[in-house]
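Each in structure tokens, the structures are laid out below.
Consider the two complexes below, in which chain A is the common component and chain B and chain C are the respective partners.
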Partner chain A sequence: SHSHRKSVHIIMSRRYDSRTTMFSPEGRLFQVEYAMAAISEAGLCVGILAGDGIVLAGEKKVVSELLDNTGTAEKMYQIDDHIACAVAGITADANILINQTRLVAQRYRYTYQAPMLVEQLIQQICDTKQGYTQYGGLRPFGVSLLYAGWDRHYGFQLMSSDPSGNYAGWKAHSIGAHNQGANSILKQDWHEGMSLEECKKLAVKVMSKTIDSAGLTSEKLEFATVTKPGAKVEFTLMSAAEVDKLLSECELIGEDDD
Partner chain B sequence: IRVWWCSKRVIMGDNIMTYNGGCSVAMVGKDCVAIASDRRFGLRQQTLACDNERIFRINDRTFIALNGLGTDVETFIEKLCFRLNLYKFRESRDIAPRTLGSLVSNMLYEKRFGPYFVEPVIAGLEVDKATGAVTPFVTAQDLIGAPCFPGNFVVGGTCSESLYGMCESLWRPDMEPDDLFETVSQALLASLDRDCLSGWGAVVHVITPDSITTKTLKARMD
Partner chain C sequence: AITAGDVDLTHKSRATIMGETLLGLVGNGWAMVAADASAAFSVIKLKDTEDKIFELDSHRVMAAAGEPGDRAQFCEYVRKNLALYAYQNQGLRLSTHGCAHYIRGQLAEAIRKDPQQVNLLLVGYDAPSEVLTAAEQPDEESGPSLYFMDYLGNVAPYAVHGAGLRLLLHPLHHGPLVREEHGSRSGQADHAAVHQGSAIEAGVEQHQLLCQDCDCR
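Our next item is the complex of A and B:
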């Protein structure tokens, strides 16, 4: 009889998941949860906050010799001079959101002649995402984003948002496939006062231990940093050569540890 | 809008484009361009500022100077920055001078029946990605975005007629950067010294593939 109840439960839940705007009897939004399931299949993204910057690392899922390298990144996008993000999920959905985020940032800049505060920007985008869970009857965006930015009020900030429209600020966080494993490594190894270089190496460690891949090369990884060396915030997408160099430095350290 | 035009004429006088004053010029050299403008900002005959920025650096290879009504210059450059930032982040590259010209023309014509009272002068270096060849480029437009591509020099502002005369006499093809700087400076100074609405010094930028040289000139300070 237990299995019978379970199957009834499953049938009942199906009634509530075809409409994004309806709660289930247990108070769940199934479409949002299914969106998060889509993201858990996507390439891992890791973000780590250092004292002097933020490191973003992403696992490229689409790896093929036939893929034409057009120069645009798969995981990392710059939103404004002072904010960048990494995406995990349906790339097409991500493109829409990134475009909207860029417009929001420029509208603010035009109105106030000043860069938008990081949290404010994320709040606005999350408001858009939340709208797709409450009205319109459209499905939510199947994207989680990790934002890395700097503003003069709160300094460097790392934030993430998910399909529900919730967002949170982090010291270190990961989204995408195997993110629980990655998050537990980050919880163990992140500590206050890490430098950017240490955070880069930590990101490499997290990626290597989490991604099931034979060897990590620059083909499978994208690395970016957000720093403020002088008056201007700089977003640097590391070249393939720089990523290879970082990986080889980390391997050497790994060998020493063993 | 007609009423607004009329009331603007009462406030601004007989020509809204000369209300604040100012001028600029851009010239083509050998693998280089120069763009120069004066620094006066005034309200008809009264001078308010002597350090007005009329030339804006878009990127290392492209500059734009905006002549005309000061408030529209400020607003138009803010709107242009909006569009240029989106271009930069979407295309992941810097805008080319010719493309900037098309963008500016489009933005100005959108306001065909209530225009921005600005006349842009654009100077830059077009780089051929395949060969690395550098082609200097200048263009100027009227306030509703009609462009011209003369290939030697473009002028704009209150003393544009004098500037046309000076540039026509002084310009020669294939000038090296130092020569180009001298020519642009002489053309600009001779024109703005005789114009009461332009003056108080000048700024000259000479753009080559490797560097941007910026110099300030002392003119008749009146």
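Our next item is the complex of A and C:
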């Protein structure tokens, strides 16, 4: 039911809600907007581009001592050797999309015997997302993604995509709950030439100031990095111990700054 | 005797099935492909001005031998797909390596559905990556390169097709030989002479040479 909506167009939009592929008279696609609303309830994801790599951070929503999930991450996924992503939205939808991105990446490798360019991959998956807003009568994917990748033409890249199928490249960006607040902190604090370590600390700062949570621990946060220490690109999902260590380093610094 | 350095290149050769010859060479900062210019029907020479060298894009050239219709059509198909790739990717061209494997994939599929009677030599020059460090280059996607592809979908980074198979050919010989002795552009003139000399020995009459180097001439 839509009783909680405060839209001015409450009467008008009801007629155009149920058909995902119909425009409203004002030219809006409501199902796409509703998908974005679903994502604004999802755990925050932050991505920051450093000179020597990319940091991805995610707020976990499913937190329970009874969870038996060692090894699998809730927010971070690897797509190919050189591309990874963080997810905000309906996890089940994200799984489908990520599976498709992985297929696309491997098909490209099979045809050209070379890794796909980051932007090429995102373009293709966004074309898929766009299809769900135009034909088929199926609802859009309720997922926004932050992609972190490296290729030999453009180096490290951070990109995001949303349910409409639009994508953009970023130096620092966040998606999910309270992302506007997070984005404004990033706007203030990000600058050219930051190292990966500085970006990790900035990610912690953004998370701690944005998420309403009593105390941040590795239970609530996931961190991953995409770096290129040698010839190969590496995707590293930080362990719980490493996350706690990073958080404690920041808390010590944070107390002095504040 | 025709020699290149210490290697004696004088060989007699017999015509192969197609009687065509393609030759490719890679040097220090350049790559070259040569093809004969005859079009024949069994023992009848139809023409000796046939152009078998196709420019795929500004940095890649392909020499093709085999059935004339398939030759023209397949090369045009590859050329157009390469152009499409560039348009889809903001002007970024596919590397020679990527191109060779794309072509190989097309031929491998075709062999069991719609066989194309073409044997190909692809040469190209790729600018080094601005992102990779100097220590990581040259990698397989930068600098000059040469690929051999045949109608079955084989691909290999060395090359001769047809009658020319009897001529040069030891990768062991022409590899280091080319790089050390013909490292400059003036060496290309020597190469042309080698080609013409050895090809004439094989009974091939005309040549076309297209050179790709850092200036992409």
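Methods note: the second predicted complex is superposed on the first by the 247 of 258 C-alpha atoms of A that agree within 3 Å, B and C clash if a C-alpha of one lies under 4 Å from a C-alpha of the other, contacts with A are read in each partner's own complex, and residues count from 1 in each chain.
Everything below uses one rule, namely that a contact is a pair of C-beta atoms (placed from the backbone, for glycine too) under 8 Å apart; a residue touches a chain by one contact, two chains touch by 3 or more.
Computed from a prediction, not measured in an experiment: that's the story for all the values here.
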Mind checking chain B and chain C on superposed chain A, clash or fit?
fit
Looking at the overlay, what does A:72 touch: chain B (first), chain C (second), both, or neither?
first
Examine A:64 and indicate which partner it touches, taking first as chain B and second as chain C; both and neither are also allowed.
neither
Scan A:113 for contacts with chain B and chain C and give back first, second, both or neither.
both
Identify the partner contact of A:80: answer first if only chain B is touched, second if only chain C is, both if each is, neither if none is.
first
Counting only touches as set out at the top, which of chain B and chain C does A:99 meet: first, second, both, neither?
first
Between the C-alpha centres of chain B and chain C, what angle is found at the C-alpha centre of chain A, to the nearest 10 degrees?
40
With the two structures laid over each other on chain A, which partner does A:154 touch: chain B (first), chain C (second), both, or neither?
second
After fitting on chain A: smallest Cα gap, chain B-chain C, Å:
6
Can you pull the chain A residues that chain B and chain C both touch?
110, 113
Looking at the complex, which residues from chain A come into contact with chain C?
110-114, 117, 119-120, 151-155, 231
Residues of chain B touching chain A in their complex?
78-79, 81-82, 85-86, 89-90, 92
Which part of chain C faces chain A closely enough to touch in the complex?
88-89, 92, 94-95, 97-98, 101-102, 105, 129, 131-132, 136, 141
Which stretch or stretches of chain A touch chain B in the complex?
71-72, 77-81, 99, 102-103, 106-107, 109-110, 113
